[in-house]
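Before any comments, here is the structure.
Labels run A, B, C, D and E following the written order; every chain starts at residue 1.
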Amino acid sequence: MSAPLQDQGPPLLRVEGVRKYFALTKGILFTRTLGHIKAVDDVSFDIRAGETLGLVGESGCGKTTTSRMILNLEEPTEGRILLEGEAIHGLQGDALRAYRTKVQAVFQDPWSSLNPRMKVGRTIAESLIVNAWGDRAAIDERVRELLVQVGLRPEQAQQYPHEFSGGQRQRVALAAALASRPRLIVLDEPVSALDVSIRAQMMNLLKDIQAKDDVAYLLVAHDLATVRHMADHTVVMYLGKIVERAPTAALFDDVRHPYTKALFSAVLEAWPGQAAEEIELKGEVPSPLDPPSGCRFHTRCPYVMPHCSQREPALREVSPDHFVACHLFE
Amino acid sequence: RAQDQKGTLVFAVESLSAQTLDPILEGRPGNAVYQAVMYDSLVGFDLEKGGIGPGVAERWELSADGLTWTFFIRPGQTFHNGDKLTAHDVKFSLERQMGPGSLASAAASMRRTIKNIEVVDDLTVKVQTTSPQIGLPAGLSRAVAPEGAIMPKAYIERVGEEEFRKKPIGSGPWKFVRNVPGDRIEFTAVTTPHWRGRPHFKDLHLLLVPEESTRVAMVRTGEAAIASIGPETMLGASRAGLEVLSVPGTMQAVFQFWGTYKPEVKDSPIAKARVRQALSLAIDRKQVIEHVMNGRARMPYPFATFGYTDYFSADRWEKWAAEAYRYDPVLAKKILAEEGYPNGFELKFANTALPGTQFMVDIGTAIADMWTKVGVKVTIKHYEWGSFAPMERGDQAGLIGWASMYRTAGRPDAPWRYDGAFSPESIQRLLGDKENCQEICQDFVKTSRALGSELDKTKRTALTDHMVELTANSWTVIPILEGMGYYAINTKKVGQFAPITGRHELGDVFERIPRPEQKPWKK
Amino acid sequence: MKRYIARRLMQGAVLLCMVATIVFFLGRLTGNPVDLMLPEDATAEDRAALTQTLGLDGPILDQFAIFVGKAIHGDLGTSIRMKQPAVDAFFDRLPNTLVLIPWAILLGMLLGIPLGVVAALHRGGLLDRAAGTVAVLGVAMPSFWLGILLIFVFSVELGWLPSGRMGGPAHYVLPVITLGTFLVAGFMRITRSAMLEVMESEFVKLARIKGLSEAVVIWKHCLRNALIPVLTLWGVFVGNLITGAIVTETVFAWPGIGRLTYEAVIYRDFPLLQAVIILKSILILSINLAVDILYAYVDPRIRLA
Amino acid sequence: MGSKARVRRTARVPWIPIAIISVIVIMALFAPLLAPYSPIDQTLRDKLLPPAWMTGGSDKYFLGTDAFGRDILSRLIYGARVSLMVAVLALTVGGGVGLAVGIVAGYVGGAVDSVLMRLVDAAFTFPAILFALLLSVTMGQGLGTLVIAITLLLWASFARVIRGEVLSLRQRDFVALARVRGCSAPRIMLTHILPNVLNTFMVLVTLNIGVVIIAEATLSFLGAGIPPPTPTWGLMISEGRGRIADAWWVALIPGIAITLMVLSVNLFGDWLRDRLDPRLRQL
Amino acid sequence: MTPDAKGETVLEVRDLHTHFFLRRGVVKAVDGVSFSLRRGEVLGLVGESGCGKSLTALSLMRLLPKGGAQTIKGEVLLGGENILECTPAEMREIRGRRISMVLQDPQTSLNPVFAIGDQLREALLRRKRAPLTRAPHAEVMKEAVAALRRVEIAAPEQRISQYPHQMSGGMKQRVVGAIAISGEPGVLIADEPTTALDVTIQLQYLKLLKRLQAETGMAILFITHDFGVVGRMCDRVAVMYAGRIVECGPVRRIFEAPQHPYTRALIASVPKMTGPVGRLTTIEGQPPSLMDLPVGCRFASRCSLVEQRCLDAYPGTVRVGDEHTADCWKATPA
């Protein structure tokens, strides 16, 4: 399942040293810049064709921002993102349109992902229409095919989103993402808004489609169990930085970074009385506006050392293909 | 004796115009009602008949060459600060009206016609003119313009213009108390006898109340004793138990046809005098008087003439008008057919109303309907006075070939007004301009010139009558009715009084208004 | 805060320049005010003389340049009709309007806010619809019409109140009602919708869970939050009031800036008109600024941001 | 968990207002068929007749006559036409401009937004009634002037509300997804934003009909509306206001008509808002 | 806390029915819910979104949402007294003091325009039965500080004058907790109190709740949809489906030997942190509309073991073990 990264050809998507700072202009009144939110701060990773990269971390750590940059909805402040070796930011016209067919997305909130005034068939067909993919009949045929593929009935193309349940909407959103036969789909928490029983259906569906279409996923999630079931590789972020990156199986076997450990131990197993070593973190997540110096985790880290607040740890390989950014591993 | 002056007389007006108490800053005579209260004019009114009469000057005479007027000042007049009113004040006042800071409307023509003003003695002043100016005394009477107001020379020179404007004094029967811009002006009565009459009230308040229904409401509640109103509110006011007073001969509503002599209008129906006459015949003046003006108006004399007009055979013209201005739609239609318009024609009609004469719009609306009934297709367009006035100036570009409603104010001497309306050099030039001055036009110019230097009364009258005849038969202006000044009066607040014929304002009669117990209204 | 105010002031200045330019040129399009000042039979000569006296004879761009130059020094010209500096005329009348407006707002709030609360509490019920209808009636009556009716009923027929003009407290009643009625509707609506929104919020539920009495929940917890949107609209309301004053002051012979404005238009008094519009804009802008600052003090989320 | 389809209580359908509005609209549409007389024909002899049911009233004139002996009922019917025409034109133009500005400002954002919003602020600061007065004296009175003037009064408030709406729509995922699918900005504004603000727009339109009618009446009162003799309700009140004491019907009947109309459209608008967009907070 | 330790029953709910009466029909959101809660116990209430968990809680508080909701049947016995029969004034006395509640969303649970000290003060004064204005300010504030300290808020003296927007979500939720328990209620209802929190913060909060419960001995009704939280927090758990509790029992029993097919499927469909990674078990279909409930078992349409009797009638509640019940025809009575 998880082959070492360097063994294969060029990655489908490469994220290189990307940063995103949001100027913080505060208040309705005070339109002055108070500082910059370092939403993403020097993040690099690869995604290979046909595989799934999981991106986990606490709320606000920059997962969505990263995925929005990959979707070319946001310009990185620094760094670049390459799809099949080609930088994606600054694309114009046809090149941009071509890019848009290759990278698609499904977002978290099924209630806001579909235009309530548009029939779902039209939503699914939209990327085909704007890219002049074919004539009307061909598009209709493809929409029917997609609906079936995601487990809906073809005639449901004529319905409006409010006639669907949350799980069905996520399926429609997935169908719309699949329409242009993309190479990569960014999945930003695609199941966290769904009920437990529906969530499993959606996860199975995603896996089935990947097996069939050979599409790569960037799966953003905060639920580790979901990532474990879905992802080949996992990246753990904390406050805009990558703290640990490894093949999923390796990571779940051997957690290294203290933050990742805390994260794992905070996951409440649906099995009473199982938690072995429980690390309860003290304090709050620091503000990305003014992140701690040195290692960003040092304010809450149970293993904090004096120099943690001075120097920022680099991401280093601690075992094959397993990277950790922590002074404990130097 | 001072105790028989009591109470406050409250008068609500729709406009206080400039609301300034410096006479040289008020351009519109009709609105200077509030200045008339405290300033006397060199020449006054004939209170009974209308027209001009004695004022600050008891009498005046013209030299044989027609170039010098001598005014004899009424003795014993004082300003409110006790200073005597003398010929020096008269000279000072006239010169001030002609001076550079003056906004008086006649300032320019005074500068042109008055050569020299000379104080002969304390009570005599001579005015030399560049050419014979028969109308000079009238022009210095409030019956025509406020330029005759007499201001205190010594006082103004002592305190300066600025201070004078803040604390003005005059020689009238009312003393200035307070001016609240946009709201009111307050006066208090002089306690000594005054030639205009000693006021019966102790105080006089002039209120500015622009909304007519509010003015009437205030009279009904007694917050005001008198309010100026229009004919439209008259009925309601009298039904509500108010006395409605109308002052005859204050204005005339007329139709004017613009540029009928112009080559480009040649093919227009209204270029034909007979068509214009037919339009006149199509107007049912009695209906308009009865229903639009609620009966408070009368059949007109010819253009800009009134019963009190000087050098004018009023009786003859009254009879003439009764015939000429009759209602005969059958004849009107016949004439139109004879002139080649059996199916009528299209007529553009610019309707306008000077501030305070909103009923002009109603009159126009009524007449447009009457013309429609004889087959004329009237396109009526309403203009606010401010946008209409510029159109008639200059080349009258916007109005050539149009008919429009007009108001002409009551003036004791007709030629003054005639010149402004018909002379090729005038602004309105209804008979012809300099390039197109045909027969009638030239005749008019000749007559007008002759009038300017004619000193003999009989010959002057003959010339005036000729002028009236010329223009009346040209039908470029057709009078509709003679209107009045209208007031709603709360009889519990003031006694019965008579206004001055020909003045649509009450500025010169407040001192003559009795309190209700002194002279109750007779029903 | 200082920087914010400075920025707003800058924006205001730009706005004023725009307003001034538009007004100047529009005003000049309407023709020469001389015609309004002279009697209808004045001669061409009289007219020319007066035009010159008033400085209306140069090319329009020159006139504009002169206007701008003077305006910078706070001189907005002299009223043609009143022969008084236009700025003075405005400030002479301003207090008369300013004594009217707070009462109108007070009326709007005292009636509108409780009505809004009551309507929200009985949402969809009879009281809601009654309150709504009463308030809408306020907007449904043109204010000149309402004013005239009020005069007719309360001063003419019943004789209870004076029909117009400034004066003692009784003189305020009818103009304030006329001016404030539309505010009742405004305040009522906003309060109602804000209350409905607030009443569904979790913190209201928590207040009830604490066992607080219904009165405290509604009038303290809900209303305080509902007032925030009410406040944001203050600026707009005051702007409306200042324009609404044109009609009210005309009907009630109230010598304020509304009447002054109307007179300036009717008499085509350019300098006065220019001054009035510019000064009114300044007034509205400053009120808006003041309201925004006030807003910051009511809503802690903004205050301490 | 997530947001859920909100179960909404629909307010009762306002049948009475709907009926009143329908009557007025029918009056306006079929004025020539319904009006017993021409609205401008005068019969001076029959002036100021009270309504038929009053003593002195005539069967010929159901609602009485005005000072020119014109039939008030006919004028009322034709007046509805003019008032509605002004409303429709002003709302189409003003509302349309506001809608476009709101969408562009809200969606494009940045400098465009700032500039447009400053313009909106300017429009709020500028006394619109005054501007209307100014226009009526510069351009002359008439339908065109009136529509322009009222447009200036309206567009900014439309733009502001719509922009607010668009700002929140822009946060919704489907807009971002449309971009991901390759839609251009104009396409997104047209196919995704516009249909979603139409509800709000409709509510604004209904609630502003009243504003327009009142503005028309006020301008007529100030002498800057549609010139006589064309009947408009505002003008009718204005003409009759001096006669409340003796011929109250001349002003009161159009006054009641305006009040009823505005009341009805407001009640209808409120209901529509509750139905379509209960969260829409507006003036 | 041993699950079998039998404290006295503090809250007993019997056959509770709360319906929404709408023009379109009747939404039977809570349709025959019964359970009991003992002193010092945590009862979990789990189920899918919309199955009626929150409404059950609100019915207990008698704080039903405006617009047609009505409790039409059932008893809520709080210390033996049926609070459904209390007057609103009596109910106000009960709320906050005998039964209290923590809501899901810390962002909106606190009034944004009052300092948190004020909001705590209101609750504290209520406990003292003092009118809001009477009690000495300093003293109450001291208590407020103590209350904040009790929920482990650092530097409570400063916090007291701060406004909600100045605090993080976790802190706000603790303040809400402090307010809820300030009246020392015997029963605390927690409606998904941690759903909006980050996992690491969630853990802190759950531990805090446990500690507070140990201190005060209050009973907690813990509503959640997360089996992880249930496993961590609860002694017993009730599984709700379409307005009814379909299974209820000790946590360990429910996880190890679920009796109801729904419970079984639900637990199976949760992705695990350990064990093999494969296809997840799913429950196909959708829960029935609460407006149009079937006569038979509500889970029948999605149940893999469905039989005719399941469609014909609703199964009775079967006692399947010690304190363990299930509503299923196929459950074998203990």
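Everything below uses one rule, namely that a residue touches a chain if its C-beta (ideal position, glycine included) is under 8 Å from a C-beta of that chain, and two chains touch if they have at least 3 such contacts.
The shown structure was predicted, so the numbers you read here are calculated from the model rather than taken from an experiment.
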Which of B-C and C-E has more C-beta pairs touching across its chains: B-C
Most remote chain, CA-based centroid, reference being chain E: B
Centre-of-Cα separation between chain E and chain C, whole angstrom: 53
For chain B paired with chain E, centre-to-centre distance based on mean C-alpha positions, whole Å: 90
Whole-Å gap between the CA centroids of chain B and chain D: 44
Multi-partner residues of chain A (at least 2 other chains): 195
Residue numbers of chain E (touch at least two other chains): 49, 225
Two or more partner chains touched - positions in chain C: 30, 148, 152, 156, 250, 262, 266, 268
Chain D partner contacts - residues on chain C that touch it in the complex: 11, 14-15, 18-19, 22-23, 26-27, 29-30, 124, 132-133, 136-137, 139-145, 148-149, 152, 156, 186, 189-190, 193-194, 196-197, 229, 233, 236, 239, 242-243, 246-247, 250, 261-262, 265-266, 268, 273, 277, 280-281, 284-285, 288
Complex interface listing, chain D residues touching chain B: 40-42, 44-45, 47-48, 67-69, 136-138, 140-141, 223-224, 227-229, 239, 241-247
Chain D partner contacts - residues on chain B that touch it in the complex: 212-213, 216, 220, 230, 232-233, 235-237, 239-240, 287-288, 290-292, 361-362, 365-366, 368-369, 380-384, 386-387
In the complex, chain C residues that touch chain E: 123, 199-203, 205-214, 216, 221, 224-225, 228, 298-301, 304
Complex contact set, residues of chain B against chain C: 12, 17-20, 22, 25, 27-30, 100, 103, 105-109, 112, 145, 180-184, 207-211, 213-214, 217-218, 220-221, 223, 240, 354-355, 385-387, 389-390, 393, 406-409, 416-417, 420-421, 425-427
